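For reference, chains read A, B, C, D, E, F, G, H, I, J, K and L in written order, and residue numbers begin at 1 within each chain.
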Amino acid sequence: MKLLLVHGPNLNLLGNREPEKYGTLSSEEIVSDLKLQFSEHEINYYQSNNESALINTIQNSPLEYQGILINAGAFSHTSIALADAIRSINLPVVNIHITNIYQREIYRHSDLIGEACTGCIVGLGIAGYALALECLLEEISDRKN
Amino acid sequence: MKLLLVHGPNLNLLGNREPEKYGTLSSEEIVSDLKLQFSEHEINYYQSNNESALINTIQNSPLEYQGILINAGAFSHTSIALADAIRSINLPVVNIHITNIYQREIYRHSDLIGEACTGCIVGLGIAGYALALECLLEEISDRKN
Amino acid sequence: MKLLLVHGPNLNLLGNREPEKYGTLSSEEIVSDLKLQFSEHEINYYQSNNESALINTIQNSPLEYQGILINAGAFSHTSIALADAIRSINLPVVNIHITNIYQREIYRHSDLIGEACTGCIVGLGIAGYALALECLLEEISDRKN
Amino acid sequence: MKLLLVHGPNLNLLGNREPEKYGTLSSEEIVSDLKLQFSEHEINYYQSNNESALINTIQNSPLEYQGILINAGAFSHTSIALADAIRSINLPVVNIHITNIYQREIYRHSDLIGEACTGCIVGLGIAGYALALECLLEEISDRKN
Amino acid sequence: MKLLLVHGPNLNLLGNREPEKYGTLSSEEIVSDLKLQFSEHEINYYQSNNESALINTIQNSPLEYQGILINAGAFSHTSIALADAIRSINLPVVNIHITNIYQREIYRHSDLIGEACTGCIVGLGIAGYALALECLLEEISDRKN
Amino acid sequence: MKLLLVHGPNLNLLGNREPEKYGTLSSEEIVSDLKLQFSEHEINYYQSNNESALINTIQNSPLEYQGILINAGAFSHTSIALADAIRSINLPVVNIHITNIYQREIYRHSDLIGEACTGCIVGLGIAGYALALECLLEEISDRKN
Amino acid sequence: MKLLLVHGPNLNLLGNREPEKYGTLSSEEIVSDLKLQFSEHEINYYQSNNESALINTIQNSPLEYQGILINAGAFSHTSIALADAIRSINLPVVNIHITNIYQREIYRHSDLIGEACTGCIVGLGIAGYALALECLLEEISDRKN
Amino acid sequence: MKLLLVHGPNLNLLGNREPEKYGTLSSEEIVSDLKLQFSEHEINYYQSNNESALINTIQNSPLEYQGILINAGAFSHTSIALADAIRSINLPVVNIHITNIYQREIYRHSDLIGEACTGCIVGLGIAGYALALECLLEEISDRKN
Amino acid sequence: MKLLLVHGPNLNLLGNREPEKYGTLSSEEIVSDLKLQFSEHEINYYQSNNESALINTIQNSPLEYQGILINAGAFSHTSIALADAIRSINLPVVNIHITNIYQREIYRHSDLIGEACTGCIVGLGIAGYALALECLLEEISDRKN
Amino acid sequence: MKLLLVHGPNLNLLGNREPEKYGTLSSEEIVSDLKLQFSEHEINYYQSNNESALINTIQNSPLEYQGILINAGAFSHTSIALADAIRSINLPVVNIHITNIYQREIYRHSDLIGEACTGCIVGLGIAGYALALECLLEEISDRKN
Amino acid sequence: MKLLLVHGPNLNLLGNREPEKYGTLSSEEIVSDLKLQFSEHEINYYQSNNESALINTIQNSPLEYQGILINAGAFSHTSIALADAIRSINLPVVNIHITNIYQREIYRHSDLIGEACTGCIVGLGIAGYALALECLLEEISDRKN
Amino acid sequence: MKLLLVHGPNLNLLGNREPEKYGTLSSEEIVSDLKLQFSEHEINYYQSNNESALINTIQNSPLEYQGILINAGAFSHTSIALADAIRSINLPVVNIHITNIYQREIYRHSDLIGEACTGCIVGLGIAGYALALECLLEEISDRKN
């Protein structure tokens, strides 16, 4: 299976930015851990602070991938356009938040991206990535049947 | 590890109630699947339509369990008391919704229980249970270190 | 036909509590009047101040009853769980309020139970019970055809 | 007893308009059914799409009628003037909605007319008319005592 | 000067309807009192429960009148169309409420008609009419200069 | 094709009322321009300040017309009854506003009529009428196929 | 009769401050005009920018006055304390606004003082003072009977 | 005098749960302190996490008690049914919160139980219990006179 | 101990103003009762209708007093400045309302002063003063330890 | 005349994405149809998922174009910056939505772009493009005069 | 140039009150620093906890000063009267907040005073005063030209 | 010191766009004025209409700069992602608005960027830039100590 992990704005800083909140692992380390753990699959990684680059990536993903894992960062709360891109493709997409957004500022409680995805994993830290990937694989295999 | 799966109101009907939304597996089948998959752990199951029975169960859980998985059903959106019980114990609690609550009625969008838990798994169907259990185990082992 | 009249919290006080508002008839008198008036049917009565007892009663009702009449009292305005139980069964349920809830406190204007029922009878006093029962019978016979 | 059934805007289309929602009976058939069922009473029928015609009818009704049954259609949600007319007369008025307004658009949830009436019958379909008439008769006889 | 007093819905009942709130004088008595008090002016009276009749009257008023006194009753709170009619003519219009609308139901607090008029007299009872007429005359004479 | 242009309250004043906002053409001139431009079709014109007259006109239109163009004026923001009439007929209806309602008072931003129509043309001035008619013709021909 | 005219904050600037909105007459000129026009009564004037001075004045007024005319300026929209003072005395109080507050900023639409008074005169300019005084005199004489 | 102290959900954990917020005294110690301090009265204690058990206790209290002291915990913010039970009995009920609810989460600011009680003591810690009891005794003696 | 009782606007009228709501005791009588009851302490009294006088008194209080009892009247709902003054001193302050503010107008439900104080006593009538004083003394002695 | 058609995010998918909602024509086909229909004008097409690319295009358009047609997709509901760009140029801009946004999710009801444009065409499907272009041409010729 | 620095409620405590938030400099030290830094100008200082004293000071300022610097403390969020006073004079007024009000309680986010001033300096600590003074001087010189 | 001035969308038009509101100076002129005035510092300028370019610039700034001055234009009101970027770096950032946003459309009143910055300068026109730079320098020197 070929899968894509998509990271939104400021997630390129993972590991350095507020590590007590987001953990000390960088995105690269998260990805290489996932590759190790899911070595039978091909996992690509794409990060951008650019909403349109993320939209393009989502739009083009069905040509190459069977499923997507997305942590859209702050765009989760503001980008209808990115959510529409997810709705426009016919792929399972699992949404992930490292922190529990319900315990943060009120403007982080709504989740436009989560509404457009198959499901969400929220507040389970870096460990959530492997779980989300598992669930993405299950969703893909469910849809096949 | 001894773990508890807690189900709130109407989840005793799982498998029969709107199966196109909640799947065709009964709670008992979910639990026995989990027991098979996580055979090195002891997994107990408790369901009640009674808010106070759920509160009592949560309050007493630290005597017997190392972690809790909860799907509080409709109480997720109304019970501050159950959320307070979760906050009052010193155990990792992972929250799970079978359906994507963001795609349903507006009064199911808020999640008082999710706010009180470590994290949430939303909309991933029955497959979410095994993932939530994995993540609960990881959270328990994280807290030990 | 076997029918169930369900009463929610504080309705056990009917006849004593604010009689200028709720009338002077007790629940028992209402029930025996209904039994007289609808003597060709079997009418059972269940009252509880306990949300879960009400949920259980609703869940189990299809085994025994062809239709339900419910006055959920204050739970009308707060219990999504009870409304979900009504939605989970395949029986006609008619909702009844003795007083005109639109003329009372603002937090009694919303009606979560009414939204889940076939229909509602509001503000017609004790007389509403017999009418609701008639309409329940009609709904049952409609569904048969 | 002389009674009046009042129908608001678009209810002249009853039977033709969205019959899966409003039933296949025309207003005339509803009225003749009521006349048959309540043959000891005189039942008149008045429909208008005109708010002021409805207000005038309500204002003049005490000269001729002992009670009123009203389905104000869309005016239920917008006409304070019609509700004031109901409040200005000293007759029992029962409010009726064919559909369950709580299950429809948000702007149909408020009921200005219902607030001004003795009581409401909501969502019980065409069967609600006969029930409402019964309850109106009961209310009239109650007030006499 | 030729002036018009316009009364909206249900104000034809003045004197009979809730006299403790609206006084015991009928509209006719109010008008003949005004005619006595302001005998040097011609005062006409128009009442309708019909929004469009009121709009037409307002639209045509500049042909015949120098100023308007309006108590639009319940339309004060709902009719943008009537307010637009007032805005479309080039005459001074004074708005009057017999009762203090700020002490009544919340949906009577907003005043769409008042927003479109030169000014408002609120809560001064029947006495407000003569005052409003005086002020209307003054406004007319002001505009002349 | 036989088409109807419907104008709501205060649009009889077109050409005289705030010409810098609504233009200097009267309704009659607009209609005769349309007749010239669309001479192969029969175009009728109906204006009323009366909500019920508009509702009646809409209800009866399918007997005579293939499509409707409506500028409901202030009723756009308040009349659920008129919107329901549009929903009750099986004709294409195109909604038109001369001014850009989004740049005006907040209570002119919502558009109940627009929600019930096929589509809307907003803020394009008098020129919008011919365009709306074109689009109405296209919609009619689309539905035929 | 001994009457008091009370002016709230910034009304000492009347005549100088935005004369196109508030007119060119100073408070002193308004008062002397009133004295001339109502020479059979004793009219005192009190202005303060100080909420407590206004409260004290209102509290003490029954010892000396038979009625009060108040333009509370910006305190109309913020001072529950001043409104409570008005409610605590047993005197008729008429409220006056020079401008039409419904045509100004949204935070000037609510009127806490108006809610506590007998009635209000709004938007009639300086001419409103004499009218308000007349109506105050009438209210006083009404209460005597 | 026979008095009842009622504790709602999670208050059985008092002394152990977040002691820096709720103090280190257990409910039992609070009760025995009260018994010592008010030894001339009989003080009973009832705690439940169960809404219906609390409702039943309140409903039955007039048979045995002269007054009630209630800390309903999280039910203070959600239970209309419990508030109705308090309103249904004819006993003085004093409401108590250990912490200052105005300094906590927004959903703890409203107090449905407080609205139904005679009065409230908020944020005075464990010391509030003795004070509330004193005030309850005073209220009882007031009502006797 | 030297303590200060602070009264806000209109509380100088206590005993005369709406005695069925606020009781028949004047502030002076309340104070002399408190002095009798707490004769081992020095109790001073300060009332003002002036927000700044109250702020000054609060600011200066630490020089002379060990604790404050405040009933800020209507300022409870509007004065952030007075609440800030309370927050700026390092003294225990207990807030008191004679009536149950939750049963009054909606704009009396919020309590800015209560949020800034240690705790509140609400709706217990004049009896609340002695209780509040007791609790203030306890709070002072708590802080000493 | 040289004109520009601007398409916002996800409109590159037109024809493939939910064709029952957006039609089966691709953007390229729409453009070539427009070019055929308006062959006397030069029509360019620009699509981007990138907000800043759209802003740049709008800013630079006056150098090359006489008018703009824009369908900003999801940015219609979120981009103040794009609306500001439209406001910053001195060109007629007509806004177009293929679907009736009033019949979709609540967050698609507001239209920031529509507020900044000359006018809007909403819900008329692909046919709306030619109409919008006509109206744009008319607006351009109007401005010239 | 003669300039005035105005301080609102509780700012007399500057230097002592929560120094980690407001700094350790007293108002006097701030003023003498400003006098040193701007020795070519005359800078006066006025502080009051009294809203009316502040209003009076603002109203009188044009007689003596060329510009005003104001930190209205808590009155920034509540006093329309003070904002009106600022609007009533023809002097440049610069508003200053020591802390970043957007990072504090929700009721400190609105700024009635800021809306009435030329501009605002927010969250720059004590250093903001000198900057605000510079900008005030520039604004004064701008207005001269 | 090396400092960066960041400009958001549409600020490249400064000097041309609505000069009565934003002044006649171009960004380049503002920058060269700042360079002259602060010649002992190195000041760089970066403008983009692209949110991600702004985020990247902010993220990379600590490598090169000691402080940032930002006017994010319309992104001030919509971009949580840009605000998060500011929060993710450890540099003083001062926020600047040329116009007084409180006097503009309601959707320009909130300031997400301002919440994330050290402080804000609002409404002081172009003069605000030099002041903001001064204050930025002071903040930098404060943090060093």
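Basically, a contact is a pair of C-beta atoms (placed from the backbone, for glycine too) under 8 Å apart; a residue touches a chain by one contact, two chains touch by 3 or more.
Just so you know, these numbers come straight off a predicted model, no measurement behind them.
*Asks:* In terms of touching chains, how many steps apart are chain C and chain D, taking the shortest path?
*Replies:* Each step joins two touching chains, and the minimum needed here is 1.
*Asks:* Smallest number of touch links from chain F to reach chain G?
*Replies:* Minimum step count, chain F to chain G: 2.
*Asks:* Express in whole angstrom the distance between the two chain centres, defined as the mean CA positions of chain A and chain G.
*Replies:* 63
*Asks:* Roughly how far is chain G from chain K, going centre to centre by Cα mean, in whole Å?
*Replies:* Between these chains, centre-to-centre, one finds 32 Å.
*Asks:* How many angstrom lie between the centres of chain C and chain J, each centre taken as the mean Cα position?
*Replies:* The answer is 55 Å.
*Asks:* On chain J, where are the residues touching two or more other chains?
*Replies:* In chain J, residues 50-51, 78 touch at least two other chains, as defined above.
*Asks:* Run through the chains and report each pair that touches.
*Replies:* Pairwise, the chains that meet the contact rule are A-B, A-J, A-L, B-C, B-H, C-D, C-H, D-E, D-F, E-F, E-G, F-J, G-I, G-K, H-I, I-K, J-L, K-L.
*Asks:* Residue numbers of chain H touching chain I in their complex, please.
*Replies:* Per the stated touch rule, the residues are 94, 100, 102-103, 111, 114-115, 117-125, 127-128, 131-132, 134-135, 138-139, 142.
*Asks:* Which of the residues in chain H end up touching chain B in this complex?
*Replies:* Answer in residue numbers: 8-10, 12-13, 17-18, 48-51, 53, 73-75, 77-78, 107-108.
*Asks:* Which bits of chain K are touching chain G when the two form their complex?
*Replies:* So the residues of chain K touching chain G come out as 50-52, 55-56, 59, 78-81, 83-85, 88, 112.
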